[in-house]
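Just below sit the structures, each encoded as structure tokens.
In what follows, subunit A forms one complex with subunit B and a second complex with subunit C.
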Partner chain A sequence: MVRDASAASTKSLDSTIDVVTPENISFEYELAGPFRRIPAYFIDLAIRLVIWVVLLIAVSLSGMAVGGGELAIAIWLLCWFVMEWFYGGLLETYFNGQTFGKRMFGLRVLRTDGQPINGLQAVMRNILRFVDMMPLISLQEFEAGPLALPTCMFGLLAPMMNRRYQRLGDLVCGTMVVVEERRWAVAMARLDDAAIHRLAAELPGNLTVSHKLSRALATYVERRRYLSPLRRAEIAKHLGDILLPQLKLPTSVDHDGLLCALYVRTFVAPTAREATAHV
Partner chain B sequence: MQLDRTQITIRPRSGWEILDLALRICWLQHRPLLLYTAITAVPLYFFNMFVLRWALADEYSYDTISYYLWLMGLLVFLEAPLVTLAPTDMLGRWMFSQDTSWPAIRADLWAVSGRLFWCFGIVRGGLAAFGLALSLEPSLDPSGIDFLLVVLALYSALVRSARPFLPEIILLERSWLRKRTPQTITIGRRNSALHGPSTGDMIGRWMLMSGAASLLAISLIISAWYCVAMLTNDWQWNAIMVQVVVPVSFWLMVMYTTVVRYLYYLDLRIRREGWEVELRVRAAAQELRGQLA
Partner chain C sequence: MKTAELLAARQSQWNELDSVCAQLENDRWRRLNGTQVSRFAALYRSACADLALADAYQLPPNTIQYLHRLVGRAHNQLYRSRTFDFAAWTRLLLTDVPRRIFTDGCVQVAFAAFWGVFLISAYLAASPTLWPDYAEHALGHEQIQAMEDSFSEPIAGRNAKYNPLMASFYIYHNTGIGLKCFAGGLLVLPGILITVFNAAVLGASFGYMARPDVPAGVNFFHFVTAHGPFELTAIVLSAGAGLRLGLSWLRTDGLTRTDSLRKSANETMPVMGAAMVLFFLAALIEGFLSPSAAPYVIKAIVAIISSGLLMFYFVVLGFPRETEL
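So, the complex of A and B:
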């Protein structure tokens, strides 16, 4: 089961997707759009170019050695065909949705339900890249040989128009590209300042906080160590000005310390939960 | 205004992710974005055609076309900040589900028009760009005015890459030019506080944005060229390509970069100032105030 982060009207726009496994475990993946995929594509292109050149040299040398120049060209063209059409498909099949470029940039192709892709999907989405590169401008008009200049317009327009940034190949195969980002799960924030714990103990025993306030406190305490003292004071003032009189605390109490103390009481030592008062 | 209910999820993002998200926003909000870009881009499009009318008067040769497009590109680059003002204000309002109608945007722009004139017209060389454009000599040989335009574009590029968020500071934060009270945060002070510690990062992201916009512009121009050539069976660049397709592609890229810059601005505020924390805290304070009332 998949829930798009941007699907529900109440949810805000984001480039993430929630995937819920049959075991009812939810994963949030960050989706990779066209720009995010470009560096990986160029790495794969560079690898293909290097392989072509190496093959060309090897086939030319062996052709010269056995005197079969035409056979050597045929072998090289065959290799070129396989590389051009099946490089991505084969790698994504055997490396679980990754090419070398994708692995380097932490990208992976998955089915839209979050499951690994199969061989047919891997090959098909790579073959259909040709369509995503259209319209192609033939350079024969400009006497530049049998080359074509890809504009990639389809490959840019299609991801703009759908929530999962799927290009045409992905839409046909039911796949999407996600970013495998290793994020540290934020545990309970540690507040070692004794003054905070003293203030937490002084707070009224009958204290409970609303869901919105508890979320605000958690976000504030998680991020406060990255903020300057001036900025902390500026943010904490919004709540501090209201909470100090309500909790009957002296106006000299530091707003930042008050929010930390509330956090301690709410998440670390909620000993007085039987209380009745509500903030 | 519900401070914790924003149209875009407030969280830190990478430069690449912002480029992709900007594409998506351009698609979802294409109507207001196109409208508010066109409000200033259309008059400037005709202004540029007027000041460069002599360049293509005689023939559409490689030399005349390349010179015309070079000057057109320079003018679009110099005029771009002016075109980004209305879409920036629209994005700021859309973010918090506020009214994005033209009267509301016009009122916002009018309220800060003096500051915009001073910062963009005088300090960032907007008026100088118009003056130079009007004094361009009708000659295909590069002149002193061309040189001055290039110098102005380099100055503009430097200032815009190191201090990119001036439109957001004026339009969305409503900072003042001069101190009105001791607590007033002036534009200069806000500019330094926001950009100062992240100048290197800003320049890097500006280059990334410019690269992406250039790629998009090239893709758009070549695709349009393909369509025109298919329809007319003529692969030579003609008046449609030079006077319509290329300038329109340039202005569309200005629209795209406006969205990217706005997202970079949000990201910088989240990373440096804990903006998402402030929004949550203010929303909780709003709720508490409501309960007390």
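So, the complex of A and C:
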């Protein structure tokens, strides 16, 4: 698909990425930036903490009730090990690239070519999270014992340095995190004003609208109802001033009405004659 | 056909695809039956076709964006993440990994670094004349005291109910160290530091315990003999795998840095898997056999057998073969 320069520049602004599917279709994903991923990470952290506390309580209760607390602690330690290193990896494997936190924020891990990830990639990218925390600052100066404060510098800097906001673990595994949103279908704008349809019928019969102009028309008319009349006039003036002389229409024609008429002509009414019949 | 008619005609199918996607997203365990699956695939393909023709149809930008998101969501439901293939893993662990380790320079470097530092540290700690305070410096007074206390009595078998507890503690603690060695290797320096630090501390403990004037030494070696081979090999393996990962973005062999990283990630993850298996085995031995009252001969035999198994794994299974494929 040929894209013009303006489309390319809005692309880099919108942080989307193109993906080609096995059906030979190219479609775009919105990449997830740090402001979605960090909250999702904290949700996961909180969930892990809750599970950890619940298990701890269960272990101490079972130890008090039945005895055999040592076995319970052993199981708890194993769970802790699994949760510390494999929580994200296992969830992303079995929940199609999502952890609970990612699910809440509508994120999903995919391979950079848009294909789903496999178990190995999911586990590896989560083990390498350890590197994201570096460099560690020792707190020994403050008598905090062997505790170290993770500065997370690598985790913050690495995503800034590549186009897909990949962490080090993502770079190693060739994965990326995308936003998966449900959008509501946008119907065509409804223009009930008879004057607009009349104007549309008066437009030249051989009129063809370029792709670029039709995009601009659709964007304007679909948002028009959120704008006040004065604002509409202000925005429509830019196009109207150029289009009116081109279409040989009198300067008294309302700019907003002209754009709506062009919209009707491009997207809604099949031909000038049918449009007249419709009105 | 004008856009408005086209939209009216296609909208119901898009809505249907949208609702199936929503169902699949909200209920992970939901399975569609045969007709539903083929209906879903057909809807997905027609949405793909609509998106491909969006420019020709002159669809408004908003609708195109809607289609992009819809196709994206349906794509993610159609192509789902693949889970672990355990049969392939066994094959990987028994054929590919040993051969890779046998020829991997990084594992050899990690081996040399770990054992070199270990032996030097042990010699310094054991020698009473060369640097008498070395063990104190390396381990700290408290840790030496704690070690001497915990090994002050002969190992006579502790209460057996603590065995699973300790075994899982060793899994948690030692495998964690191994994974840190591996992950830190990505940045080269942290990986080497963690490895050398562990080698120095372990070497100093072994050396100090080998001093003739330390009475706890006999019990210490009674304890560590059985699980030593597996555990120390596992640390070397994880350090080597991490080093390979870190070097791959420094020395790329003509690939781009990202591609080189990705390639080495595919190669090193199974090696790390092998290291984790060794950590688990070591933890089981350390939890159940090492503290038991079994005579030293049995523990020594276990150590010899496990070393033999490692040799078999690395040399016999790992020896490069001419007839590949």
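Just so it is clear, the second predicted complex is superposed on the first by the 236 of 279 C-alpha atoms of A that agree within 3 Å, B and C clash if a C-alpha of one lies under 4 Å from a C-alpha of the other, contacts with A are read in each partner's own complex, and residues count from 1 in each chain.
FYI, a residue touches a chain if its C-beta (ideal position, glycine included) is under 8 Å from a C-beta of that chain, and two chains touch if they have at least 3 such contacts.
What you are looking at is a predicted structure, and each value in this text was computed from that prediction instead of being measured.
**Student:** Evaluate whether subunit B and subunit C can sit on subunit A together after superposition, giving fit or clash.
**Tutor:** Because the two structures are overlaid on the shared chain, the partners are seen to fit without clashing.
**Student:** Give one of first, second, both or neither to describe whether A:Leu258 is in contact with subunit B, with subunit C, with both, or with none.
**Tutor:** Once the two structures are laid over each other on A, A:Leu258 reaches no partner at all.
**Student:** Which one hits more subunit A residues, subunit B or subunit C?
**Tutor:** Of subunit B and subunit C, more residues of subunit A lie in contact with C.
**Student:** Applying the touch criterion given at the start, work out whether A:Thr219 contacts subunit B, subunit C, both or neither, answering first, second, both or neither.
**Tutor:** Both subunit B and subunit C are touched by A:Thr219.
**Student:** With both complexes superposed on chain A, which partner does A:Phe95 reach: first (subunit B), second (subunit C), both or neither?
**Tutor:** second
**Student:** Looking at the overlay, does A:Val172 come into contact with subunit B only (first), subunit C only (second), both, or neither?
**Tutor:** So A:Val172 only meets subunit C here.
**Student:** Of the two partner chains, subunit B (first) and subunit C (second), which one does A:Leu207 touch, if any: first, second, both, or neither?
**Tutor:** Neither partner.
**Student:** Students often get this wrong, so check: with C-alpha centres, what angle lies at subunit A between subunit B and subunit C, to the nearest 10 degrees?
**Tutor:** 100
**Student:** Identify the partner contact of A:Ser15: answer first if only subunit B is touched, second if only subunit C is, both if each is, neither if none is.
**Tutor:** first
**Student:** Once both structures are overlaid on their shared chain, how near does any Cα of subunit B get to a Cα of subunit C? Whole angstrom is fine.
**Tutor:** Once the two complexes are overlaid, subunit B and subunit C approach no closer than 11 Å between C-alpha atoms.
**Student:** Identify the overlap between the subunit B-contacting and the subunit C-contacting residues of subunit A.
**Tutor:** Of subunit A, residues 215, 219 contact subunit B in one complex and subunit C in the other.
**Student:** Please give the residue numbers of subunit A that touch subunit B in the complex, ascending.
**Tutor:** 5, 11-16, 30-36, 39, 135, 137, 141-142, 149, 151-153, 156, 159-161, 163, 165, 210, 212-213, 215-217, 219-220, 223-224, 226-227, 231, 234-236, 238-239, 241-243, 246, 259, 279
**Student:** Contact residues on subunit B for subunit A in the complex?
**Tutor:** For this pair, the touching residues of subunit B are 4-11, 13, 16-17, 19-21, 23-28, 212, 216, 219-220, 222-223, 225-227, 235, 273-274, 276-278, 280-285, 287-289, 292.
**Student:** Considering only the defined contacts, which subunit A positions touch subunit C in the complex?
**Tutor:** Listed in rising order, the residues of subunit A that touch subunit C are 1, 19, 21-23, 25, 27-29, 68, 70-71, 73-75, 77-78, 80-81, 84-85, 92-97, 108, 110, 114-120, 122-124, 127-131, 134, 154, 168, 171-174, 178, 180-188, 211, 214-215, 218-219, 222, 266-270.
**Student:** Where on subunit C is subunit A touching in the complex?
**Tutor:** 2-5, 7, 11, 14-15, 18, 21-22, 28, 45, 48-49, 51-52, 55, 58, 60-63, 65-73, 75-77, 79-85, 161-162, 164-165, 167-169, 171-172, 175-176, 179-180, 182-184, 186-187, 190, 245, 258, 261-262, 265-266, 269, 272
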